[in-house]
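Down below are the structures I want you to see.
You will see two complexes here that share chain A, one where it goes with chain B and one where it goes with chain C.
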Partner chain A sequence: MSKVGRWIDERTGLGGPVRSFLNYAVPGYVHKNALYMLGGLTLIIFALQAFTGILLAFFYDPSTEGAYNSVDFITYTLPLGWLIRGIHHYGASAMVILTALHMLRTYFFSAYKKPREINWLTGVLLLFLTLAFGFTGYLLPWDQKGYWATNVGTRIAGSVPLIGDALMQLMRGGANLGQATLTRFFATHVLLLPATLALLIAVHIFQLRYHGMSPAITEKGKKEGGKFVPFFPYWVVNDAIAGLGMLAILIFLSATQRAPLEFPADPASSNFVPRPEWYFLFYYQMLKYFPGGLEPVATVLIPLFIFGSMVLLPFIDKGEERRPWKKPVTTIAAVFYIVVIVVFTALAL
Partner chain B sequence: MSQSELAPLDPAKGVWDEHELTRRKFLEITFWSVTSVVTVGLLGAGSRFIAGNSFEPSTTSWVTLGPVAELTAGEVHRVNYSFKAKDAWRMVEQKGALYTFSDDAGATYTVLDGTCTHLGCIVQWQGGDNNYQCPCHQAVFTREGKVVSGPPPRPLRKLDAKIQDGILMAQI
Partner chain C sequence: MKLSQMPFLFVAGSIMLAACASGPATSPPNTLTAVKVDAVSTDAAASIWANAPKTTTVTKAAKKGAADGSTVTLQAVYDGTSIAIRAEWADSTDSWQRNVWKYDGAAWKRGGDQDRFSMAFPMSNNAEFASKGCGAICHNQETDDTKWWMGTDNADTKIDLWQWQSAATNPVAYADDAWWGTKPTITSTTGRRSDANTGGGAKANNAADGKGPAFVNKSGLDAHYILAGEEVALDMSKIASGAVIPGSILAPYTGSRGDVAAKGVYADGKWVLVMVRKLNTGNEDDAVFTPSKPVPFGIGLFNNAGDIDHTISPDVLTLAWK
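And now, the complex of A and B:
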């Protein structure tokens, strides 16, 4: 350890924990399989979102009168505004994609099985919080898109039987969309969600270190399981390279296609067709199939069923078998959901 | 009781204070009780605070939609309104759009809120088809606001309307 390092270690006691974190033994089947990078990549994109989000907050004006102009200013006038908002905008989609892919990885590798139930459950919450980030962030520019999507989005909550109205008014901070809505979406997006997400990620990763990675599912992987490399630099470097690639893509997207901003929110416009962000489109499409009295099926029963089955999964699928090709029920269920989501999204595009 | 759970201290350092430890259970119970009560109190107050005045019914007010002279009887018109209203803690120009028509040569007007009763998109009047269509999930409403097809559970909302000094007004 360098002199400076030793000086700090003697005063903070951090040397040991940091070293054991970095020297953590990573089995070969993990280090050599790119699918295991997805969790780390999700973490990197979250860090990028936090960084660009803090920067945006220096110029964003959370008022119905000023929000639109401040976002317009960031996007078109402010030096590097296009870049910071662009990364944050495209990064939001990237985070949803990566979180979903990472979940599929752990799902198909049966990583949710005992003793990793809490790892999976914190993951489920992380997925829904990530979606909540998207939902609350969409409104903040206070443009037509965000305004109308939120109008419809909160009304979906409003169609829940019995408690729907209360739920909708709580989300809006009143009967209609207005300043109270923007303020609470802002507070949720920049304070409540980041703090909760960061805390959950800490629990998630502590679980991971406590249990170690779940066992390999292939024969080849099992053979590589006996050989280890230290977490730093081997695994970290893989993720860092992938992270750099992702950053390059985000910068490229920001430079070629400015993050969109529609006309300012206009409650009196009748020709604007609300559309949610692309990752909610499948749900929006599904609502079309449950007219009138059947609506609660789509707004309550199906989401509850999906959330419930995700929560219960590790307590139902308790067998030893981890190979997806030997577990037709879970595999077919996942493939079914994937097909439905892809098809519905395509139909709504 | 709980002494047994405590690892003995390094003798060079000292020993557990046995006298103090007799009160350990009492202190633990007190600590957790007070902490729970305060936590529940903070969360309760916090929830009430966050709810704010979300549940206050929205205030109604009469808005002007324009001179009836311009609203030819028999036709469906799209009218905009705008009025000063309180939005949370600030005064704003509240805006919206309504549909209106008269079937008795302008003596009375029917005023409909164009907000689709399904999920709140704004329906569009299609003169050619003589109906309102919702762009979101293809709902169709009759000229009078009744659901013809699609997911909406209720007809379009009808507003109270009156004519004052030749000006059509509606209560939103």
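And now, the complex of A and C:
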């Protein structure tokens, strides 16, 4: 340890825990499988979102009069503002994709089984928080797309039986979208969600370290189970390289297709057709199949069923079997959901 | 990580790219996409237009009950400093006799109008213009045309207006650069103002007594216009009944009012017009164009007419960039 390191360690006692964290033994079957990088990549993209979000917040004006102009300034006038906003914009999509892929890896590898139930539950919450980030961030530019998509989104919340009106009122801060809505969405997006997400990530990682990686599901993997490499530098370097690759993709996207900014929100506009961000398109499409009195089926029952089944999964599927090809029910159920989401998204495009 | 796992990363990256970049491959309706070229030009036949996407808009009467207008085909290109917009529309006549002097054998009479094409761009982000178009702003959201006053409701809302005129500006290769704001005084009938100028402009071709023209074009009595410096004194001995003499002596404006270079050519029953302006003129009375930033705009078409007798793009048009 260097002189400076010793000085810090003597005063903080951090040396031991940090060494322990970095020397964590990663099983060979994990280190050699790129699918296990998804969690680390999701963490990296969250850090990137937090960093770019802080930079954007320096210039963003959370008022209905100033929001659009401030985002316009960031996008078209501020040096490299287009890049920061572009990374944040496309990073949001990347975070949804990576979170979903990480979740699928966990699901198909049965990594939610005892004793990792809490890790799975925090993962489910993290997925929904990621979607909440997308929903609340959408309104912030105060452009037509964000305004009308939020209008529809909050109306969907309003259609929930019994508590719908109160829920919509809570989200909007009034009967209509306005300054109160923007303030609430901004506070949720930059304070409540990041703090909750960071806390859940901490619990998630602590659980991961406490229980260790879930067992390998293949014979080959099991053979590798006895071999270990230290977390640092092996896994860290792998994830860092993949993270840089992901950053390169985000920069490429930001440079070739600027983060969109529609025209300013006009509450009096009657001809704007609201459309959600691509990761909500499947839901937008599904709502079309449940008109009128059937609406609560799509707005309440189906989301509750999906969320409930995700929460209950580790308590229902308690068997020892972890191989997806030996578990047709869970595998077919997941494939069904994936196909529905892909098909509905394609139909809505 | 093994090399054999690289395809997974490739697939994951591709999914990210495809999902993140999902968007229309072609221009959406009512969108004029400006494409980058080496250098813009007012030449409507130049090769720069070959790859510029065309967008069409069927113009509708601005005044209730009046006839609708031609379909206008638009294209746009830009280079490092300027944007050029090409407009093409059918017109059965080349209307050049704006405010001309006509001799009936006994006396001179003034009259006549011209063809015009105008474009309106908001000078700042404006939700109302962006969602309702120039009709909502310029016409003060009033369907009764007698109540129009051609201005904006809000002092912060300013609209840049380029108006090309077949007789008054085309011969001197510019479009009149003006802007709309709120009414300057309570008794004003319009919020329209001309951009600042440092000289130039048309002068009336009036004799001292105001009862006839003072000059003709030195090239002859058939000329459709008289440019400043080309005027020669009228010789009444050469004038026969039915003579038509241009009512103005034209010179291009200098300063902000003359920012928009324009060249319109009438042939085969249609006008083909190209207007060119700097992306950023540096003038306070002009809209600033930032390539990559979409801009809402509207167009107006005047067929041998002026004032409210015109047709407009019924939908908001968007200037996009490629």
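The rule is short, and it goes like this: the second predicted complex is superposed on the first by the 349 of 349 C-alpha atoms of A that agree within 3 Å, B and C clash if a C-alpha of one lies under 4 Å from a C-alpha of the other, contacts with A are read in each partner's own complex, and residues count from 1 in each chain.
Criterion: a residue touches a chain if its C-beta (ideal position, glycine included) is under 8 Å from a C-beta of that chain, and two chains touch if they have at least 3 such contacts.
Nothing here was measured: the structure is a model prediction, and the numbers come from that model.
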| item | value |
| --- | --- |
| Which superposed partner A:Ser93 touches (first chain B, second chain C, both, neither) | second |
| Touched partner set for A:Asn271, first chain B, second chain C, both or neither | both |
| Partner chain in contact with A:Ile249 - chain B first, chain C second, else both or neither | second |
| Touched partner set for A:Lys32, first chain B, second chain C, both or neither | second |
| Touching partner for A:Gln169 - first (chain B), second (chain C), both, neither | first |
| Which of chain B and chain C A:Ile156 touches, first, second, both or neither | first |
| Common ground on chain A, meaning residues reached by chain C in one complex and by chain B in the other | 266, 268-269, 271-272 |
| Chain A partner contacts - residues on chain B that touch it in the complex | 50-58, 78, 80-82, 87-90, 92, 94-97, 114, 118-124, 135-138, 150-153 |
| Touching residues (chain side chain C, partner chain A) in the complex | 1-2, 5, 8-9, 12-13, 15-17, 19-23, 124-128, 130-132, 290, 292-294, 296, 318 |
| Touch list for chain A against partner chain B, complex | 63-65, 148, 151-152, 155-156, 159, 166, 169-170, 172-176, 178-180, 183-184, 266-274, 287-288, 290-293, 295 |
| In the complex, chain A residues that touch chain C | 31-35, 37, 68-69, 72, 75-77, 82, 90, 93-94, 97, 101, 144, 238, 242, 245-246, 249-250, 253, 256-258, 260-261, 263-266, 268-269, 271-272, 278-279, 349 |
